[in-house]
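Below: a set of structures, written as structure tokens.
Each of the two complexes below includes subunit A, the first together with subunit B, the second together with subunit C.
And then the complex of A and B:
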């Protein structure tokens, strides 16, 4: 998004300038000293860390020239920030919902009394920092992905002020999802720093959806979001994100998912929007017998670049992690998948799998795949696999031989490729919502 | 004429002539078996009729109820009434059997017409019950993770729902145990009647114990070398294909 496409470094201007940080900090006059220190330290780290470079292994194949921050600024809320925000009613069955517009709250959550009485907290991040500082402090920014975007993790820590906080106490089981909708577009050129912190207690159950989209297709935005999902012992947690920013957005989505003993944590990411997204996902097996599934579906077209870096860290025995990243590419789109499974010496009897499947629907699309394993334990089952290919002619012929015209056959095959991920949402409304989004993106 | 008439057909694959001046007529209401040793050209004939782009028809005609299907797109041929049961059916991840068949039936409707779900499922369940296929199969992806027998049953299910006027079954019996073979044969026998003609391609006589053919043709080096009744299949089983090779007198197809 930089005006100067040859600019290789992140410029120390605009968003990166100290005046922006001071402006952000001035909004935290009420906050506890530890919050100020956390932000001050993060700001210094941001300034100290070098800008990404393609020669770094963790930035291999990635574009870095469009990451310049100089033309972005923090949003200024003047008047009604809900103006122009479309209503969102695709998913009616939810535990609670909140809506942000350029990180400003426009719809406060209405948590049912039954959940409130059980100690459940679902509120905007700024409220959580104000009302539950010690609960937040225990977790806040303690588990970052750390897969190459440390500079941007620091920028996020320094400048974030809002997002989602969900706390589910031990033994509380909640079936319906918590839905946070993030809109961009309050103004042109704004930078967003949505933060999501989900803490699910022992033997509890919860589902969270973060939905990112833009009010206007034309406004330019920089997004640097961080999410941290923590699944206590024996808990069941689903975390789902749909990234559908407009095509003038450059976005970082830096995600961490951690599972304690015997917890089952599933995450699904859908990447549709943005000009360029850097998505990092680090899942951690922290306790014995924990299980983490990490699924992702990307449909990229035009000149979109979706850069995905994953890490599965097994630090305890008998853990299970399964990662499936599927990318469908049209036009001149580019994707990068770089994944690593890391098994510590103590993590015996680990089962860890990593799969990347790329479906090329154009001769000029480019899918890069860099799978990897790093294993210190000696009794493990680990595998990784990557495939890249176009639609199989034999499969097309099978459809044709049943009287199905070629165009319809191709569409069904591509939708079938999506369906493996879409059908994994544990909520039919959500599956339908996502199915329509991905199918429309392919069709139009 | 109400028949599948193949007249003087020659087919080339990757520069090799695999079918040479092949003629055969299967009238509606009849089941014809096409047998022959490996490499005789049986499967090439099936793929050429279905319109596979790798199988170039260099000469001849293939008339489906009088309409020449040579040069048609494969989907057009299918909609014209020809069904091909594959030897190795494709696995289609993420596309359920129900959606696949619905798309196939919708493609046969006039432009703008849609298939009503209740009527579709009623027909689908009828066919599934007949073939002893569990109804939960409708939501499973087409052939994905199916056993050999399940794949072949799925082929018969598709044939039963699509109701073609002619079916070419390409070694449907290969790799099947007796139980699966019996179920497949029962499916075919249930469909037999005046409105459909079958060309059953097989290497072995075994299938023909269950699907009793009206005629048996033997193919060798791209053409029919012998035609007879069902006893010909038994004779072949007994004497082997080498016996035929010694005869090698091209016979007129009936």
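And then the complex of A and C:
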């Protein structure tokens, strides 16, 4: 593999320029001094950190030349930001819902009184910073993934101004999901910084869904989103994201999921859109007996590049983590899966698994797989597996021998490949919604 | 299974002894040629002058030195321990004489003593087709059975090979592993000396293995042997190497380059048992190129050294070629075995297999690092990789870092890795039947590597088992 010579450009223009930061900061005139300091420090860190390079192990195989920031700017809301935003009604059963358009709130959440009375908070991030600064401060940007995109984490911290805040107090159990829909496309060339912070108290239960979509298939966007899901002791948390930006979008989705003692945290990611996505997921076993499941499904076609980096950190004993990343590739698409299980010395009796399955459906698609283990405790069960291949001829033969034509057989096999993840959503509406998106993308 | 407790060094049967204590001795040797300490262009000229090398070899060395100097130490992915190597304190060339002796009686007495302790002449008498023993920079003894020479097999040192048979060796020298491949292959290309150049003519099947022993005797010495094995169409050869060094307080560097070329339908098997003492940095580049229908198999066993970085590879250039790596690594306190394999598929219907087993004892660290690539438009390439790690103590460490790149829908790759410890049930079962805990543990560990060890030639597998038992001593409780 020849190392890439192209130098990434993070020029002092567009998003990378100080005037943009000042512009962002001026919108925070009302905010507490700690928020200003947090943003100022982040901006300095962003400027100090080097741009990613392929020679860096955490950027191995990745493209870096399309990460230039100079042609993007912050969205300016003039007039009604809800103009042109399609209605979204694929999932009707929800505890509450919020809709953003280029980080501007266009549909405020209507939280049922019963939840409000129990102390549940579900609101846009800027409102949370204003109304519940101390609650937010305890968690905000304290658990970043840190798997190579530290520069972009800093950029996010400096420039973000909106997103989702969900707080579920201890012992409150909520069945229906909280849904946040992010649309891009208010204007061409805008940069979005959606932030999601989910804090679920001890023994509570909640499901959160983030949907990322574009209004217009033609507009160019840069997205740098961060999500942080925190599951308190004994809690049950589901976090699901569907990324379906338009094909002119370069997106960072930098996620972290942390589980305290005996908590069960499940996350599912679906990657369909964007020209280039860098998705980082860091799962942390913080307390004994915690369990984290991380699943992901990607369908990449055309010249899409989906770059996935994961880290499962076990820093407490008796933890369990299981990760399954499935990628289907068509045309000239590229995927990278780089995963690491890290088991600290104290994390004895850990069970940790990591699986990456790549299905190549064209002669020019490229799947890179870097499954890693770093084990410092001896009484553990850890394994990883990675397979890359195409549709098995014997499977096709089975269908053909039963009178099912080849094309349909292939489609059924591929849908079966997706189904393993799709059926893990514990929400039928969401499963149907994702199934349709995935199948449409595959068929067209 | 014999009782492990009786397998102490004192009661060992004669044979291939490569356990660490047997290798831990050295003789004061007067060297006729000494390139001094430090690495400068003059060092290269000194080596080339002593050897009387042609100008193109000298130019090759100088070019490689420039590459070595321009390349950074690869600590962005490798162990920071590499920074502990002080290239200015190393002696790059030491020899007692230029020509290896063909008869054992002519070998100087002290050198003979060294190799007799290692059991070389005995081995030769027993079964070897050819043997070479390298003492620091140069081969001190080299012999091959006459019948092989009659068949046209060539088995010589690196300089001799390049000077006397340029028509055979020059074509492939530095082609499988160019000087610029990595920092340490560049270093080797600059100061290489000794090693084995082997050519097996078309259709010749060398039934018994050819063998080489590498011995570092001097303190602060760097050994840079260079091996090139060419198996012509339909030829077959097995090569075994063993290495030892005494325990010095200071660090010693061993940086070899091994190139294998298997032409159409040829088979090469390369077996290494590495048992350097724990002060040796062992940074070796090994790669083979397999043409149509050829097969290259690396059997790599790493037990000694302070830090080993070695990823034997096969470039599958010809259709239907096959590559295989079997790797066993044992990392004890203070050791880091960073081993693995590379498989580069470059033709249709090529298959490769990697099987790696590592054992970490005490504070030892075993790392598997692998690379598998399949370019687009190829059909029916297959790779299967399995790596298993066993952790013995609470503070043992293991890492696995494979990198797999597959393009196109005609190929398939499978990779699996697991990490575990010896299960308490197994130990309990054996102790219940009267074995001590240490014996039970040793037996379980031997079971873990048993299916790989069976692939080794018999003499090696017996010794390996015993060596693992020795290494396990005192690791329990």
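As a convention for this text, the second predicted complex is superposed on the first by the 437 of 444 C-alpha atoms of A that agree within 3 Å, B and C clash if a C-alpha of one lies under 4 Å from a C-alpha of the other, contacts with A are read in each partner's own complex, and residues count from 1 in each chain.
Note that in this section contacts are C-beta pairs under 8 Å (C-beta built on N, C-alpha and C of every residue); 3 or more make two chains touch, one makes a residue touch a chain.
Given the structure is predicted, the values throughout are model-derived calculations rather than measurements.
Aligning the shared subunit A places subunit B and subunit C next to each other free of steric conflict.
In the superposition on chain A, A:77 makes contact with neither subunit B nor subunit C. Partner contacting the larger number of subunit A residues, of subunit B and subunit C: C. Seen from the CA centre of subunit A, the centres of subunit B and subunit C span an angle of about 70°, rounded to a multiple of 10. Looking at the shared chain after the overlay, A:388 reaches subunit C, while subunit B stays out of its contact range. When both complexes are overlaid on chain A, the residue A:24 reaches neither subunit B nor subunit C. When the shared chain is aligned, subunit B comes close enough to touch A:401, but subunit C does not. In the superposition on chain A, A:413 contacts subunit B only, with no contact to subunit C. Residue contacts after overlaying the shared chain place A:56 against subunit C, while subunit B stays out of touching range. In the superposed model, A:135 lies in contact with neither subunit B nor subunit C.
Superposition on chain A leaves subunit B and subunit C with their closest Cα atoms 15 Å from each other. If you check the complex, the residues on subunit A that touch subunit B are 392, 394-395, 397-406, 408-409, 412-413, 415-420, 423. Interface residues of subunit C, counted against subunit A in their complex, comprise 76-77, 373, 376-377, 389, 391-421. Against subunit C, the residues of subunit A that register as touching in their complex are 1, 55-57, 60-61, 345, 348, 358, 360-391.
Put simply, subunit B touches subunit A in their complex at residues 50-53, 73-75, 78-79, 83-84, 86, 89-90, 92-95, 99-101, 103-104, 107-108, 141, 158, 162.
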